[in-house]
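Chain naming follows the written order as A, B, C and D, and within any one chain the residues start at number 1.
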Amino acid sequence: MIRSRHYTPAHEDFRAGVRRFMEKECAPYRDAWQAAGRTPPELWRKAGEAGLLCTKMSPEYGGGGGDLFHCLIVLEEQTRICFNELTFYLHSDIIAPYIELYGTEDQKRRYLPKMATGEFVAAIAMTEPGAGSDLQAIRTTARAVGNGYRLNGQKVFISNGQVGNLIVVAAKTDGGAGAKGISLFLLETEKAEGFTRGKNLKKIGCKAQDSSELFFDDVYLPPEALLGGVEGQGFPMLMRRLPEERLIMAMSAVANTEEAVTETVAYTSERKAFGQRLMDFQNTRFKLAEAKTKAVLGRVFLERCMDAFIEGKLDTTTAAMLKWWTTQRQNEVADECLQLHGGYGYMMEYDIARRYADSRLGRIAGGTNEIMKDIIGRTL
Amino acid sequence: MSHPYAQTGLPTALPYTDEHAIFRSSARRFFETEVAPKQAEWEEAHLTPRSIWKRAGELGFLCPRLPEQYGGAGADFLHAVILAEEQVRSGAIAPMYTLQSDVVAPYLLQYGTEEQKQRYLPAMASGDCIASIGMTEPSAGSDLQGIRTTAKRTKDGYAINGQKTFISNGINADLVVLAAKTDAAAGARGVSLFLVDTATRGFSRGRNLKKLGQHAADTAELFFDDMRVPEEALLGGIEGRGFPQLMDRLVEERLMTGVVSVAMIDRALALTIQYVKDRKAFGQRVLDFQNTRFTLAEAKTEAAVLHAFLEQCILDFMAGTLDPATSAMLKYWSTEQQNAIVDDCLQLHGGYGYILDYPIAKMWADGRISKIYGGANEIMKDIIGRTLGGRTR
Amino acid sequence: MIRSRHYTPAHEDFRAGVRRFMEKECAPYRDAWQAAGRTPPELWRKAGEAGLLCTKMSPEYGGGGGDLFHCLIVLEEQTRICFNELTFYLHSDIIAPYIELYGTEDQKRRYLPKMATGEFVAAIAMTEPGAGSDLQAIRTTARAVGNGYRLNGQKVFISNGQVGNLIVVAAKTDGGAGAKGISLFLLETEKAEGFTRGKNLKKIGCKAQDSSELFFDDVYLPPEALLGGVEGQGFPMLMRRLPEERLIMAMSAVANTEEAVTETVAYTSERKAFGQRLMDFQNTRFKLAEAKTKAVLGRVFLERCMDAFIEGKLDTTTAAMLKWWTTQRQNEVADECLQLHGGYGYMMEYDIARRYADSRLGRIAGGTNEIMKDIIGRTL
Amino acid sequence: MSHPYAQTGLPTALPYTDEHAIFRSSARRFFETEVAPKQAEWEEAHLTPRSIWKRAGELGFLCPRLPEQYGGAGADFLHAVILAEEQVRSGAIAPMYTLQSDVVAPYLLQYGTEEQKQRYLPAMASGDCIASIGMTEPSAGSDLQGIRTTAKRTKDGYAINGQKTFISNGINADLVVLAAKTDAAAGARGVSLFLVDTATRGFSRGRNLKKLGQHAADTAELFFDDMRVPEEALLGGIEGRGFPQLMDRLVEERLMTGVVSVAMIDRALALTIQYVKDRKAFGQRVLDFQNTRFTLAEAKTEAAVLHAFLEQCILDFMAGTLDPATSAMLKYWSTEQQNAIVDDCLQLHGGYGYILDYPIAKMWADGRISKIYGGANEIMKDIIGRTLGGRTR
C-alpha cells in the first residue's frame, strides 16, 4: 500500500505526544463537551502547554516552528478518536497565519504568543446571513470615526463564536468599492462594547464545535485593530489563504475516510450474520474495496497537493478540486460504512454514526462543493 | 383528481372518497396543532408522553383499521396511508403511531386468540396500551433465525431469557410482541411469538439509546431474566409459528415504509423548492442556477416515479396480490431515493442545511435509518435477487 | 410481480402476429440490414400488408383503428429480437398523426392510405446543424413564390432520411416571427428537384436505422404541401405532439430494460466461473436486483402515463420526466448487464452488446435529457 | 514541470528527462502522421497491416525496453508510458503495440530460456513477429484455473488440444503465449505456458470477432487440434509455472491499463472542452451552461486525482514496490472513471455524440471493454477486498 513518505522521527515524536493528549485530555470528555456544545477554555490552555497549538508559527512569536505535517498529524490523531470538532486547526493553521503573514509587528507581538498558549482563542467572521460563499456581498461595515472605526453588522455560522475571545472580522470600510472595500479587523471580545453572541447553533454533527451568530452594534475599534494597518486589503488576504485552508479541510476528509474504512473492516471482520462474518459476504468486500480505493486515491492526491503547496505551487483550482473530491468521498464512504454496521451504525455510541453526521459538513463548509466546481469550471 | 402530494398532474389511481378527504383534514389538524409543535420538547426528553397516545386514541387515529368490536373503526388501508402521510407532512417523527397501528395490532388481529384480541386491541386503539415488537437482538439484526432469546416450557407457562435491542417504543411499551426460541434445535420452526406484559417480573429496560436522529422516538434495549409468562401469552396458542408469522407481516411493513419514505421525499421537495425561491446568492435566486433546477428536476421525477409505483403497490396490497419481491423493491428504492433526495436538498440549503433549526437537517439525520430498518436494503436486494428468472410478460 | 393490465385478447392476437412477423421477416435479415445501414422498401410493404403500420390510424384512411398499446406491442416485439432500429413507430405513431390530426382532408386522402401500406415511408425533418433541441433557431426557409414556396436549408440526424419518400419538413415561412413563423410542409421526394440526401451517418448503434443530412436547394413546394393549409402553425403542432412522442420513446426504453434483465438472468444462470454459477455470486444477484427494480418501476410509471395519456391528461412535464428517467435507467441497466456478461458482453453477436450501443441514443434523441430536466425545472 | 497532459498545474512527480521529451515528440509525429490517419481504413478491414508493425519496429517503437542484445533500446518504463499516451492522444486504437511490447515481450524476457529469447525477442522488436497471449477460454474468463486447454506429454514434446477466445492480435499473430494444463489434477500448479508458432499444424484461427468497438484491432478465437510442439516450446522449460508467471505479470498489465485509461480521459476532456466552446445552443456557448461547467469540473477533478495516483503507481512500480491491490485499485478506478467521463462527454456533444464521425462516439464504444479486460473490475474489487485489514498508518 502506498504510504506517506513525509514523516521524520521528529514528526513521529510529535504524533506520539498528540496521541497521548487526545487520549488523556480529550477522549474522556468528548461526550460531555458534545452535550455542552462547546469546548472549555482549560482545554485550549492545556493544548497550548502541550505544544498542540500554532505548531507552524515561528518560534519568535511562541510557535512551534513546524510544517504542514504537524497540522496533518493533529487532525489525524483527533480523527482517530472521532473528535472532528476540535478546532485547533482553525485557530492555529487558518487564523493565526492571517496575523503572522499580514499583521503589523505590533499585532504579531500582541496576539501570536497568547494564541500559542491558548490564552487567546480565535475565530474568523466572514459569512453573513445574506452572503454565504459570496464574500463581496457582505454588509457589515466599519465606518471611520475619529482615528478608529465603528463596526455594525451581523455574522453567522462562526466556528469558535462562543469560545473565541479574538475575532477576525471582515467588514466593508468602503461600501462602494466592491472587493476592494473589504478590510479585516482584530476584535478582542472582552473589551468590545456592543458586541453580542447569538445562540449556539445546533448542528447535525460536530456538536462540540460551537457555531454562532455574532452581532456588532456600533462596536468601537481602535485604529490598531485594522489588520496590517492598511484599508481595503481584506479580500486579497482572504483569497491568498484559500488554497491552504482547503488543503486543511481535505486533510480532515482524508483522515476520516481512512478511519471509517479501518473501523468498518474491523467491525465486519468480527460481526456475524446468517452464519458467516459480514466480511465474508461479497457485497461487503466489494463495498469496502470501493471505499478503500477512494481512501487511497484521496491520500495520494492530498500528499501531492501538500508537496506542491510546500513548493509554493498549489493553485486555487487544484485546491478546489482537492476540497470537493475528498469531502464528497468522505461522505460517500461514511454512508457505505454506516450501512455495513446495520442498526448499530445509527447509534451514537458507534463512531461511524458520528463520522457520518460530521462528514456532511465538509461538502458545505469552506465554500460549498458547488462553489468549488464553479471555480474549476471557470478555468476550462 | 390527483393525489394531494402528487409530484405531477397525473390523476391518482387510489380510490379516495370524500370520507378520506375529511379524515385527512382532521388528521392534518391533529398533527399540525397537537403533535408537531411538541417535537422539540419530546426530542429533549427522548420520549413522547403517554397523553399524546391517549389523545390520538380519542380522536380515532390509533388502529383505525381494527374492527369496531376491538375498538377500531373498520377503516381501510388508505386511512393508514393518510395518517402516515399527514404525520410526515407535519414534520413529526414521533410518536410512532404506525408501529402501534400498522405493525403490532395486525399481529394480534391476524394470529391472536379471541382472548388475546379482547385483552389488548381495545387498549391499543384507545392509547392505553403502547406496544412494540421485540425481534432484533445484539447478535442478530436482519437474521431472524439467529436469535438467542429462549422461552422454556414450565409447568404452567414459559420462562423467558434473553435480550433485545433497537426496540422502538421500548421505553414506553406496555406490551412487547416478543420473538423467542421455543425449540433451539428446530431452526426457523423453533421460533414463537409471545405477548409480553412489561409489568412482568424479570423484564427490564436498558438505556434509551442515543441515535443519530429520531430523537423524540424512544429506542431501547430490553432484558428478560427468567421472566415467567403464562401459556396464554403465546401468540395464537401454538408453538413454532413465529417465523412464518413474522414473514407474512413483512409485505405490509415494507409497504408502510414506502408510504413514509415517499412522504418524506414530498416534504423535502416542498421545503427545498420554497427555500431556493426565497434565498438569493450572487444576485439571483438559488432556483435560478441551472444546477439547482436540474437537481430538483431529477428529484421531482424520482418522486413522481415512486408515487406511481407506491400507488400500484397499495392497490395490489388492497387486492391481496402484493408479493414479497415487489414490496422489497419498494422498500429498497424508496428509502434509497429518500436519502439521496434529502441529501441533495440539504446541499441546496448551504450552511443552513447543517443547522438543526432547519427541518431539512433533521430529515437528513432522521431518515438515514430507513436504509437499515425493516430489513436492511441488502436484505431487500437478496429477496429480489432470489426471485429473478422468467420473463416479465 | 406487477403486470400490465391493459391487454385484451385482440391485443394478444395482434402480438402473436407481430412476433411471427419479427421472427420471419426481420430477425433473419437483421445483420444484413445493419451492415447496409438501412431497411429495404420491401420490408415496409410487407409490414403494411401484415397490418404493422399505422395501427392507430382511423380505418377510414386505411389504418388499423387501434390504440396506444398496439404501438407498445410492436416496440416490445422488435425489442425482443433486439432490433431497436426498426422505425415503424416513427412512421406510424409519430409522423402519421401529424397528417391525420393537422392535415387537410385532401392531404389525409393522399398520404395516409399509402403510409398504411408502406408505399410512402415517412421522415420528419426538424433538427438542423445549428439547432438541436432549440427549434426556434432553425434556418431552413420556405419563401412564398407565386402560389407555392421555395424551400432552402439543411437538416441533420434525420431518421429514415435515406429510405423516406415523404418528408415532413419544418421551415420558417416568416423569418421574423420566431416560433410563430414556423410551418410544416409535406415533401414528396421523388418529385423534388433540388432535394438531395447527404451520406448515411454511421452511428454507435441502431445501425439499420438510416440517419442523414438532407439538403434543400430552392426546392419548389406547391401550396398544397403546407400541412393544414395555414402558415405559422408548425410550432404549436410540434409542441402538442411532444408528450406522445416521449411516451413512445419511453415504451422502447422500458421494453429494452426488461429484455436486458431477462437476458442477463438467463446468461448468469447458466454461465459458471470459479466453480459456481455467476448468479450464485452475491454481486450478481444484487446488481440484477437493482436492475430489475428499475425495470419494474419504469413499467409501472410508463403504464400510468399511458393511462393518463388515453384520458387526455398527460402533461408535457410528466412526459419529460418519463422520457429522461426511462432512457437513463435503460442505459444504466444495459451497462450493468453487459458487465455481467464479461468479455461476451463486448461481442456484437450477444444482444446485450447491441442493446448497450442502442441504449445510448435514448438519452440524446427526442430532446436530450438535459432539455427534459430544463422543462421540469421550469415548472418548480 | 508539469506532465504534458496534466489536468492541473501540479508539477509531475515522474523523472522525465530531455531525452524523454525528444522520444515523445518523435512518437507523436509517428502516431499522428502514420497511424491515426489510417484508422478508418483499418477499421473497415478489422485488421492492421503488417507493414505498420514493421514501421514501428524500424522507428524503435516496439519493445524499446528490451536490452539491446535482444533488439531493444534498454529504455525505461516511462518510454512505455509515453508511447501509450501518444497513441491514445492521436486517436489510434490499433495496432496494439502495448500488447506486444509491454505484455508479451516481458514474459519472454522474464521467464524465457536464452534460446527462446534469442529466437523471438529481436523479431518482436523489429515487427517481424507479432505476438499475442492465449489465456481466456469460452468457459473461463477471469477464472484462469478453469481453463480446459491441455498439453499432453508426447515422446519429444507436447500435444495441445483446446480453444481460446477474445485473443487480441489473434488474426495477425505469429506467436501465441499459450496457457494450457500440463497436469489436469494439479489445479493452479498444473498450468504451463507455451510459445506457440502459429504456422504449426493443428493450429487454426476462428472468426475475427465483431466487437462493440475497437474495430481496427483484430480479436479472434484460436483452435488447437492435436497441435504438436517441441519441448523447447515450454516457456522457461519447467512445467507448472504458468499460473505464478501469469500472476506476476498482472501488476504491470494493470498499470498499463491505467496509463491508457487516464490518457483516454485526457483526450475526452480535451475534445469536449473544445467542442463546448465552439458549439452554441439557445444563444450561448454550451460551455456557458452551469450543467456543462459542473460536469466538466467534476471530470477534470477526477482526471487530476487519477494523474496523481497514476504517477505514484508508476514511481512505485519503477521502485519495485507496486503491490497487487494498489494496481487493482488503479485498474478499477481508472476504467470506471474513463467510462463515466467519456459518457458525460458524449452527452455534452448532443446528437453528434452518437455519430461515429465524432471521436467521442468511438471512444465511448471503444472504451467499454476496459471495465472487463485485464481482469473484470469485479475481480479487481475481489483482490482489493482480500487485502483489507490493518491500519493504513
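Keep in mind that, in the parts below, a contact is a pair of C-beta atoms (placed from the backbone, for glycine too) under 8 Å apart; a residue touches a chain by one contact, two chains touch by 3 or more.
Remember, it's a predicted structure, so these values are computed and weren't measured experimentally.
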Pair joined by the larger number of C-beta contacts - A-B, A-D: A-D
Longest centre-to-centre distance from chain C, chain (CA-based): A
Chain C and chain D, separation of their C-alpha mean positions in angstrom: 38
Chain centre separation (chain A, chain D; CA means) in Å: 43
Centroid distance [mean C-alpha coordinates] between chain D and chain B, Å: 52
Shared-contact residues (touching 2 or more other chains) in chain A: 281-283, 286, 370
Multi-chain contact residues (two or more partners), chain B: 290-291, 294, 378
Residues of chain A that touch chain D when the two form their complex: 1-4, 76, 258, 261-262, 265, 269, 279, 282, 285-286, 288-290, 292-293, 295-301, 304-305, 307-308, 311, 313-315, 317-318, 321, 324-325, 370, 372-378, 380
Footprint of chain C on chain B - complex, ascending: 8-11, 13, 273, 287, 290, 293-294, 296-298, 300-302, 304-306, 308-309, 311-313, 316, 323, 325-326, 329, 332-333, 378, 380-386, 388-389, 391-393
Residues of chain B touching chain A in the complex: 136, 139-143, 145-146, 165-166, 209-213, 280-283, 291, 339, 343, 346-347, 350-351, 353-357, 361, 364-365, 368-369, 371-373, 376-378
Footprint of chain D on chain B - complex, ascending: 289-291, 294
In the complex with chain A, residue positions of chain C that touch it: 281-283, 286
